Amino acid sequence: MSSKIGRFPSGNPRTIKIQKELSKRSLDAEKLVYCYECGTCTAACPVVKVFPRHYNPRVFFEKASLDLEKVLTEAGLWLCAICYRCHKRCPHGLKLPEIFLSLREVAVEQGYLPDVPSKLEEILTILREEFPFPLVYSWLCLRPCEEESKRSKLDNLVLDVLQRSLADYKKKEVAPLPKVHREKLAIIGSGPAGLTAAWELVRMGFQVTIFEALPEPGGMLRVGIPEYRLPKEVLDVEIEYIRDLGVEIRTNTTIGKDLTFNSLLKEYKAIFIATGAHRSRTLHVEGEDIEGVVHALDLLHQANLQKRPRPGEKVGVVGGGNTAMDAARTALRLGAKEVNILYRRSREEMPANPLEVEEAERDGIKIHFLLTPRKILGKNKQVVAMECIRMRLGPPDESGRRRPIPIEGSEFTIELDTTILAIGESPDVSFLPEEVELTEQNTIVVDPLTLETSMSGVFAGGDVVSGPATVIEAIAAGKTAALSIDRYLREGGV
Amino acid sequence: MILLTEDSSVLVIGGGVAGIQASLDLADRGFRVYLVEETPSIGGRMAQLDKTFPTLDCSICILAPKMIECFRHPNITLLTYSEVKDVSGSVGKFAVKIIRKPRFVDETKCTGCGTCTQKCPVVEPSEFDVLLGDRKAIYMPFPQAVPRIATIDKDNCLYFTRAVCKICQKLCQADAVDFEQKPQEITLNVSAIIVATGFDLLNPSVINEYGYQRYKNVITSLEFERLANASGPTGGHVTRLSDGRIPDKVAFIQCVGSRGLGRGVSYCSSACCMYATKEAILIKEHEPDSEVFIFYIDLRASGKGFQDFIDRAKENWGIQYIRGRPGEILEDPRTKDLIIFCEHTVSREVRELRVDMVVLCPAFVPKESNKKLSENLKIRLDEYGFFKNEDSMLAPVDTNVPGVFICGCCQGPKDIPESVAEASGAAARAVEVIALTARKEAQ
Amino acid sequence: MTIQEKFEPDILGFLCNWCSYAGADLAGVSRFQYPPNVRIIRVMCSARVDSTIILEALIRGLDGVMVLGCHLGDCHYITGNYYTKRRMKTTKNVLEKTGVSPERLLIDWVSAAEGERFATLVTEFTERIRKLGPLGKETDLKPQQLRTRLVAAKEALAQERIRWLVGKEGELVEDKNVFGEKVSQEEFDQLLFQTIEKEFAKRRILLSMGEDALSVKEIAQRVEASPREVLRNMISLEQDGIVSVVGIEENSPKYRRVGE
Amino acid sequence: MERMSDETPRIGVFICHCGINIGGVVNVPEVVEYAKTLPNVVYGEENLYTCSSEGLSKIKEGIQKHNLNRVIVASCTPRTHEPLFRATCEEAGLNKYLFEMANIRDQCSWVHMGDHEAATEKAKDLMRMAVAKAGLLRPQEETEIDVAPSALVIGGGVAGMTAALCLANQGLSVHIVEKEHEMGGMLRYLHRLYPTMQNAPEVMDQLVNAVNSNKNIEILTSSVVKEVKGFIGNFEVTVQKGNGKTVNLGIGTIIVATGATNFEPFGMYGYKEYDNVITQLQLEQLLKSERLQNMKNVVMIQCVGSRQEGRSYCSRICCMTALKNSVLIKELYPDADIYVLYRDLQTYGKEYEEYYREVQKKDVEFIKYLPEKPPEISPGQNGKLNVNVYHSLIGEQVEIMADLVVLSTPLIQHEDAKDLSQKLKVPLGPNRFFLEAHVKLRPVDFATDGIYVCGCAHWPVDVGESISQAYGAASRASIPMAIKKLRTEAITAVVDEDICSGCGLCELTCPFKAILIEETEKGRKAKVIAASCKGCGACGAGCPQMAITMQHFTDEQLLAQVIALAEAIP
């Protein structure tokens, strides 16, 4: 079966090698031939929203079929944010991110990209135009493998460039930007959404103050994402850079406890709520309060703050999203001998992006599908086992995914000493006044184009609006919010 | 030497336009026809449509005469509200067991006057109006229903659920209401069987980013037909389900669940490009200064006069066609308007389009009942669940069982003229096979 | 133009069931809008329309008449529309004699597939009639005079001699006559129009005589024609037994209507 | 009991809303009230859908309760609904010719949507004219005619042969007239047939042998239909055979299966200018005779000569033909690159979309071009052709050095179709394809009874669709021959023998020879043969003595309508 990449003119020896390599790494390169260019991937992609001139995945793969040589030199090859929104909406379910990653590797190996460092420099300059933390973004999206032994040629080149840029960053003297406008703006939450909005607004000349409940800024980048995917040092440097630009970040200040929301309203002309979604959902199952049961976020948080939590030998992770994958792989790294993931639907329905699932399985983590815990059994407050039940899939529910229905009588128990719950997080919106309209899942209701909440002058974006999502989506939300706030202030309240 | 066996009879399963055409062709030439329909009235999917392309005829106006011809034809026995239970035998001598589900209304007495339906206290969503309009527990699905006989919905009728009420029985001058009616099993001996059971539409919530059921103003094309129809829930005014306002910007989205290897089905449902254009024109007819968009991938208009119809839609009616499949639809919580994010693939720009209403054109899918019917008749289903013909080119209406024929959308998505031609074809094949079998036995 | 209320002409249409009527229906189905001035009578073929009924319509105050059939060669009855074409040519000629503009009679062919063309045809014809104004405006005749002229025209078209000629046109011009010669179209038309001229004049004379006995001069005065012409017609009417001399006064014969 | 019609007329008027189609423009209640004031109208009502069974039962009730002997329905066009309402009147014991319709939808509400008042006025006038005519209606009796149990199939292609076989197997005798010297039509030129890739010659031979061996079928090749006289059940067809001799056939029903022919794209994309620019049909010939030499780049251009000014239709089969030929080329030369330049890919339905995916897997690239920026062909080096096209989906010019350019051209109607349509008296629609009775519900019938159509003669279709339509046409054509008896319309000419002078002009005028001069005791008089009179009225309007009138369209009735119309004029 021929592959779409480098298909024409067919029979060219170099492209045949590329096609062989690609078919080894990911199946979807073959399925790409079925694409009839409907444009759904480009429409759903947050990166296209940020870099419309540089990046269009549909056009990229069409050109890759007709003129591979030329297209591999384009910036488009490097900008995919591995967020898999395209995969979820494509009629054929094509996994474009994996193809991009494999294509980069193969292109480098086949010598199509002689000078990778200068290409990456070019990419970083593009990213700097639109991103407040280009290095954090690159680390997350170029995904250099952290184990020395398994690193590819490309990984090493990438790491060199990133390390060097990190060093330049530290040396660079940054003068705070002039404050052009009198208005003072408040941002609640210093996650990717909050930081991006602050960076955009400070560049427009506004006075920006970020309020962060935790001791360290960064939100999910700090607590949620494990060290092996994003070294904290990179985060610190880039946040420092934003601070130097003149953004005031007040940590350890929780709105609703240290300051009231209404006091902000009086003092600041506009407020951007970007508190993310950190409250782990509970399973409502007997034995959930036993000591060995821990929430995924808490585990990741402890690990990130170098507290080195001690998970037991046999760990069971409940849930199928990215957080579950990170928690399971972190547990392994923290000394767990055997880690199992239990997910109540089937592989296609897993919300986690397929690459994370693959890497988790490659780490030796076993994933059990169509399984849900019924009871957590404990002996003197220690988890000893978990009673689970098999599920089958019924007709689609409101979210369009098939509803899992328990099969009575299929209960059985698994011995384990730690249970990590990763069944999704919801925002903590207790600090908000009634006027701010919420949905049933406690996310904030906003106008999809302007991100304005039901209260005029109050905007919201990131996970607090969309529920748990990827970093790039939060960044895109931050940028949109900044533009809306600017327009709001210029037009005297939109 | 003409060998036309007038005494043989044919069973037609499914009372849509295909079943009606096959029955009329056979009955006109002297065969006895039993037309079995599972709902209380024949008419099928076409009866639910408001207009048809490319002539914009009013659908029921051109279908009603044929339905009434079926009802009055001496050679046709209408068995509505009935199901095929079991089939045995072979071509020339099939024995078919039919279950006549109880209507709890005596068909010979009911005149279809409708007083019972006015007074019945129970209100239920009407299946005919795709749950947009409502009907009573004792109801007639639509004004032009054939036969024009009331039917009692056992699960919601107060008498059956709480043994009270019985208003319909008291009011009925024809004394036609009979709560003691039992399912009736009859056996028919027929020489050939024609299956014309039609199709269903995919539930578009499978493509959840389009928000069907989550957003009030996202509706399916069949729901649109009912809204646009004069005897529909809103009396022919296409209104938004959120606030009842007449939309002045409407977007149609093609291939929802079709042409995909991931979610939904992988084939093209072939009629949606045309009916979307028709529905767009209906909007422009009601509201000339409204704006209508159609998001498509390949405009498939290759039937007779179809391309002219599309050209007219573009030039005379100003319908705007955008090549691209939307990536996301979000809802503005305050106004319940919908914002469509789509890449206009010919200009390669991703644009947002704010509209008042979105109409999804979902994929044609086989009916649930196909499985059971294929077991009864021992005829094969294809990998999608439609009935499989012997050879899609040389024997388009034959099946693996001699004497059993399939026509219309039960064997694959197609439009009305193809279904009607195929129905006549199935009738011709039935007569031919009966004649050949009779001749073989005569030798 | 004084701002009097815009003139809305009343128009009658004869449409043949198989082509033009189907075309009109298609115009409906495709929602091609056209002015509402025309009222349509369905006939099985355009050849069913007798010329006299067209005149009857004009006498009764219609401002325009349309006769629409199938395109030549498409007629469901093969040659129907050829007869319509010939009869309408005759009708237009007679109409012209009355002073009424022949443009008030439209003859055209519309197929079952030409919905839009039908709508345009009706719109243009209505506009043309609207410009012409009410029936007879283009003549300077008083209504009563116009009426008698139209009646004379109708009676002329009912005359056996004209109807016979029109019926025979096909055979005479296209095939051969009984002596094997072919008559050219021009020759035939000339003969036809002469006959029409004569018949029309005779009918006007008879109408003007009413019941009284009149001399040639008196009749000539009434019909505003030269006495010599009137005399010639009186002789032929006498031969047909329709008029006869009832007496002589101041040495000029008095004629009165007797036949018919 | 037959309702006596000669006592004073009692007219019932039923005015339809047709949902909002009429009611939305015409003030129906006002028209009902007005109609009740008209002479002889004793009952009037309105309803939402008169054509529904509820509406029809209201008419029957009206006739019984108010003892009506005339019925008028004001609704849509009589062309589609008159038979339905007439049958309803018959059921209520009223002779079905005592019925008249007023077309207040297609020729009133739908075409005067902007002026509700004028539309209502017009509806009233049409009502008054209908009432005037209704008053003068007389009951009529229909005559019964025999149907010759033999069919004529014009065209010996796949559609014609399939229809003939189906009729023959039902025991009917069939005559196939094919103008070429051999049977098979377009199949003779084809190599493989999509979607099943069956071998075209095999399929053809199978059909031709079946047709040859079937004793009910008579084949007349290199023959042409010279003349068709008569009507359903009683056609007299003269066929001119190859050897110049003619034969007369007594025919019950006729099926037109004359197919279509290929469009030659002269002057387009260098056709006939460069020899490596060919049409899909020519490519299929090369493939069939294995004369296609090896090549690297093949460019196929879709919609050549179709979906443009002058030929606006999509010819439905060219996309699938291009895909099939791509598959055949890849079978011969696996490493050939094929580029299909398309506008809208017509791979509709279940099997064709699947076939499209099969082709996508085989190094076939699909490039969408815009009609305003068509591909340009210019000679390149060593005999190759430089194809330059604006790839509209990536916004760049793409240049391909093509060894072969294949143009996908549409099917067009035969030149002689006009001649056949005039012989059969059936119309040609837009783009000169035969115009069917109703595009949705009578796709294989003609408006003229007894004549049917299938295959590409009606509209470009592929082999599978032709066969399916052929079976459909066979079914429709077999009905009259199966029931052997037909009732014909009662609208015929009537001669008033006292006035008739026996001049014979009517005999000369009638194309059906349905009126002849006979010697009677009262001298030479014209006599009407009811069975062959088609009711056109040409004789009536031409009779020098005005002695002939048409039943149901009498002079008095037409005059009454004119007078009624004129009443509204001040």
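The first chain written gets the first letter, and so on, giving A, B, C and D; residue counts start at 1 in each chain.
Just so it is clear, a contact is a pair of C-beta atoms (placed from the backbone, for glycine too) under 8 Å apart; a residue touches a chain by one contact, two chains touch by 3 or more.
Please read these numbers as outputs of a predicted model, since none were measured by experiment.
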*What chains do chain A and chain D have as common neighbours?*
B
_Chain whose mean Cα position lies farthest from chain B_ = C
*Counting contact pairs per chain pair, which pair wins?*
B-D
*Any idea how many Å lie between the Cα centroids of chain A and chain C?*
88
*Gap in Å, rounded to a whole number, between the CA centres of chain C and chain B*: 55
*Find the geometric centre of each of chain B and chain D from their Cα atoms only, then give the gap between the two centres in Å, rounded to an integer.*
26
*Could you grab the centroid distance between chain C and chain D? Build each centroid from C-alpha atoms only and quote it in angstrom.*
36
*Enumerate the residues of chain A that touch no fewer than two other chains.*
34, 36-37, 58-59
*Residues of chain B touching 2+ other chains?*
55, 57, 259, 298, 345, 348
_I need the residues of chain C touching at least two other chains; which ones are they?_
29, 31
_Complete list of chain pairs which touch one another_ = A-B, A-D, B-C, B-D, C-D
*Touching chain B in the complex: which residues of chain D?*
17-21, 24, 48-49, 51-54, 56-57, 76, 80-81, 83-84, 87, 91, 149, 166, 169-172, 193, 195-196, 198, 203, 307, 312-316, 344-354, 357, 370, 392-395, 429-430, 433, 436, 438-444, 454, 458-460, 463-465, 467-476, 478-479, 482-483
*Enumerate the contact residues on chain C facing chain B in the complex.*
26, 29-31
*Can you name the residues of chain B that touch chain D in the complex?*
1-4, 17, 21, 25, 28-30, 52, 54-55, 57-58, 60-69, 71-72, 111-112, 143-148, 229-231, 235-236, 259, 266-268, 270, 298-308, 311, 345-348, 382, 384, 386, 391-394, 396-397, 412-414, 416-418, 420-429, 431-432, 435-436
*In the complex formed with chain A, which residues of chain B make contact?*
203, 205-209, 213-214, 255, 259-264, 297-298, 323-328, 330-334, 339, 341-345, 348-350, 352, 354
*What residues of chain D sit close enough to touch chain C in their complex?*
77-79, 103, 105-108, 110-115, 118-119, 121-122, 125-126, 129, 421-422, 425, 427, 429-430, 435, 447-448, 491, 503, 505, 508-509, 511-512, 534-538, 540-546, 550, 553, 555, 558-559, 561-563, 565-566, 568-569
